[in-house]
Amino acid sequence: MKKILNAPEAYVDEMLAGLVAAHPDYYRLHGDTGKVIARATPGRAGKVGIVTGGGSGHLPVFTGYVGTGLLDACAIGDVFASPSAEQMADAIRAADQGAGVLRLYGNYGGDVMNFDMAGDLVDFDDIACSTVLLADDVASAPPEEAEKRRGVAGMVYAFKIAGAAAEEGRDLAAVTAVAQKAADACRSVGVALSPCTVPQAGKPTFEIAEDEIEMGMGIHGEPGVWRGKLQSADAIAAEMMDRLLADMPLKAGDRVSVLVNSLGATPPEELYILYNVVKARLEGAGATIVMPLVGRYATSMEMAGVSFTLCKLDAELEALLQAPCDCAFWRVG
Amino acid sequence: MKKILNAPEAYVDEMLAGLVAAHPDYYRLHGDTGKVIARATPGRAGKVGIVTGGGSGHLPVFTGYVGTGLLDACAIGDVFASPSAEQMADAIRAADQGAGVLRLYGNYGGDVMNFDMAGDLVDFDDIACSTVLLADDVASAPPEEAEKRRGVAGMVYAFKIAGAAAEEGRDLAAVTAVAQKAADACRSVGVALSPCTVPQAGKPTFEIAEDEIEMGMGIHGEPGVWRGKLQSADAIAAEMMDRLLADMPLKAGDRVSVLVNSLGATPPEELYILYNVVKARLEGAGATIVMPLVGRYATSMEMAGVSFTLCKLDAELEALLQAPCDCAFWRVG
Amino acid sequence: MTIDRAALQAAIARLAAAMERDFDLLNSADGALGDGDLGVTMTRGMHAIVDRADDLPDDLGLALLACAQAFTKSSGSSYGTLLAKGMMTMAKGVKGRTEIAAAEVSGLVAAARDQMQALGKAEIGGKTVLDSLDAVAQATAGKTDPAEVADAAARAVDDALDAFRERKATIGRARIFGDKSVGRDDPGMLAMARIVKAVADREG
Amino acid sequence: MTIDRAALQAAIARLAAAMERDFDLLNSADGALGDGDLGVTMTRGMHAIVDRADDLPDDLGLALLACAQAFTKSSGSSYGTLLAKGMMTMAKGVKGRTEIAAAEVSGLVAAARDQMQALGKAEIGGKTVLDSLDAVAQATAGKTDPAEVADAAARAVDDALDAFRERKATIGRARIFGDKSVGRDDPGMLAMARIVKAVADREG
């Protein structure tokens, strides 16, 4: 395992300590579980809170997106492991400004069970909670079972859009509705070139030959839907776009944002090479690209690979996507 | 070679095409060499131009830092190879707003020879040029030969500080002087855990065992000053801080910025783990940390490893460091 | 012979050792169809329990509750959360008691299975840990002799693995791989086989 | 026998083939102490020259200038820039001529060496390509027979490698490695040995 760390057990705690130390204007640790990050300056009273949670190892997801116009708090687990229900309940309490809290997170068994249990816990605190699950990974279930899909990089759009709606002062029902609309508008697919290592497991989650790629893998090193030979950038991008557009066809006049995301090790140089094909395909379908995102937005530590996410926009989603936001990893406006 | 690309020969051209396509508000291709990036909207007339140049494969360095409060133009070569003198001359022309141009770049033989030749070429255009070389890598020469050192991530501070001075309206001599002051205030050291592959070479520049690290390597895969066993994050950070502080001692009351930089594959999680030690050491010396930077600021494609850069600040440098800047990869203010 | 605090502590020690031993096995079983963390979940959870094992109360309900809480804090993975729910269910069932009889095992396991099903919303027969628990509950039903209960439980978890191996996964991360899961043990069932045999002291 | 356009074209063809052949060798020689791009620099540069080789002018000065410009556009690495400077220097020296004699080689190489030194600011004796050129200039001085000049040049580059191998690098990326460079050929000298032998048609 070639990682820079002290003890595997300390990986997440030390990472969070460093995050808060480096960016005290953005983040603070909340509560005493040591695993809840909240905005350094809480949102104003009466603002709907937005909370997320999930495993570590995906920076900027999840904790990184705590910030103005984004999330209020986040419960963070071990690498690739859900936080506990107790931690989630703490995060919900940190996010609450008296107007209720939206739980906005990826569709994973452990997270769902724990966020459900956390909801029971905060019932005693009289905090109204709603839930929107991100389930954007087209590789993880056919369209008929779209609700079973995993949540991957599409959560970046959902955080941004829901965060802007909450910042604007909308109420819990309205923030929840637009978050659901954003979640429904996203489709993602990923490809991995190399695995990553969970510090405590001590070895890579999967093995892959020097000339192979894994299409449709998840962001926790879950195997993909097929494994094949490494192809040209154009061929990889074309297949990924085929899969996305088959699931969510676009027509002339559609407006769409696209996220070309590195899973970690893949450098921005390669993302820009891919972006040429992405742009040509979207414009070829007659769509207009709005605020394309190219970079590392949702990662799996040092995994090499990329994901593409499409987010189809109506006027409301587009305005919220372009509204200001600010965290240590992303600024708009 | 596990990289997402089409043809190795097309790597840089396609990368630049994608960069400009994704960020048309920030970047444009200038001239007809296809290898000069300039601000989408040129700086105002009478502003001192700042130009840099160097090989590809280091994003955000070099092209990424073209932007307001930063650089005006950049000549970019093949992966890890200097651009040609002709391209540099074109970049100087793109940067010129009538007040002269500072050539601000890393101390590498090829770049120095070519920027010198480029200066001769633009003499005919009556563009006044000055030069500041970045030579911040303490591993590349002892203090007595500090002028022979390579330029690495310290250039991020020099770009930022010189860019702010130019934006403020200072003249060429003043911008050059403060750029030199910033360059002199920086010290860097790097450690690599894994190599990277130059697309046209087709295989990694160096081999390194699963349990080894290379201390003091350059950002082009040049070997380091010693190779040893992989150690704990705390031990690695301590050695790197020892080397930096030996070269540029700090005393109580000093103000310093620090850049904890990933060379590419190393994830931010590990940078934050390292930051804890960096902070403790600097504060232990009595110094105050100003605007710490943690992330991927100067990379070698998919190389795993980190560099630390210290930039010792006086009041002038601190104000310029904190002045606003904006490019696709970095925003301040 | 009944089950009391000392028996619980001994079972915890065996289980912790078994999970250390099976760390890589469970990670790789989970890695083939999931995220490869099941060994991590189990060793972390058992460490958390072992840390509390010396000062467990005599009340088996409170003791199991303490175990569940320790486990829960250590991870929020699907399996860890489900197991904690199961322990919590058993804890409620034996609250206030310092001893339980072997004859009660079947009912306690069945209750755990049902509450875990309510939380995870999976079907019985879906090739998950629920099917291992279901097999144990059925195989131990009506048995009163401690050794017989232990034998039956240990056999049931292995039989369940055999019975489900050729089926498709229907839940969790493995569901995505449909056909690829055929011929492979469900990692949660495999883990439950190791757990039950360690607790029943029927290893090897 | 004199050197004319046809001889230049034949030399270009041999040199391009030699650089293809030595691609990995030069990359790894450079990788040991530098950034591993020397093979890339040379093959790219030669491709650029080969692309122009068919329509080179008869004027050897203009022909060499075209080669230098093609090379220069292909890369700005230290070596490429120095070589282009050397070619440009030779181009100036033979401007307007369609033939040159073998006897002129020594003077042309010496002029290239001097202009490259002015650009790169390295010392003679510093274990760089300058030392290979210096050796060629000296070994061919006073010789007029083409075959003798070719033999002497080919021997000189190898002798230079032997003479400098045990010295420390003093310039460029390799300088940093001081002692580590002892016992290793300077990559630029190694490349020049291959270049000279290909041009002189004295390979193997």
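Just so it is clear, A, B, C and D label the chains in written order, and each chain counts residues from 1 on its own.
Note that a contact is a pair of C-beta atoms (placed from the backbone, for glycine too) under 8 Å apart; a residue touches a chain by one contact, two chains touch by 3 or more.
These numbers come from a predicted model, not from an experiment.
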Task: Steps needed, at fewest, to go from subunit A to subunit D via touching chains - done: 2
Open item on the list: Taking the mean of the C-alpha atoms as each chain's centre, how many Å separate subunit C from subunit D?
Closed with: 73
Task: Approximate Å spacing (C-alpha centroids) for the pair subunit A, subunit B - done: 30
Open item on the list: Nearest whole angstrom, what separates the Cα centre of subunit A from the Cα centre of subunit C?
Closed with: 32
Task: Overlap residues in subunit B, where contacts from two or more other chains coincide - done: none
Open item on the list: Chains as vertices, touching pairs as edges: which of line, ring, star, complete or other describes this one?
Closed with: line
Task: Chain-chain contacts as defined at top - done: A-B, A-C, B-D
Task: Complex contacts: residues of subunit B adjacent to subunit A - done: 2-6, 11, 14-19, 21-23, 56-57, 59-60, 64, 193-194, 210-211, 230, 232-234, 236, 260, 264-276, 279, 292, 294, 296, 299, 301-302, 304, 306, 331
Open item on the list: Please output the residues of subunit A touching subunit C within their complex, sorted ascending.
Closed with: 33, 77-78, 80-88, 108-111, 113-114, 116-117, 139-141, 148, 150, 198, 200-201, 205-206, 218, 220-223, 225
TODO: Show which residues of subunit D lie in contact with subunit B when the two form their complex.
DONE: 27, 31-37, 39-41, 44, 72-82, 85, 119-120, 171-173, 175-177, 180
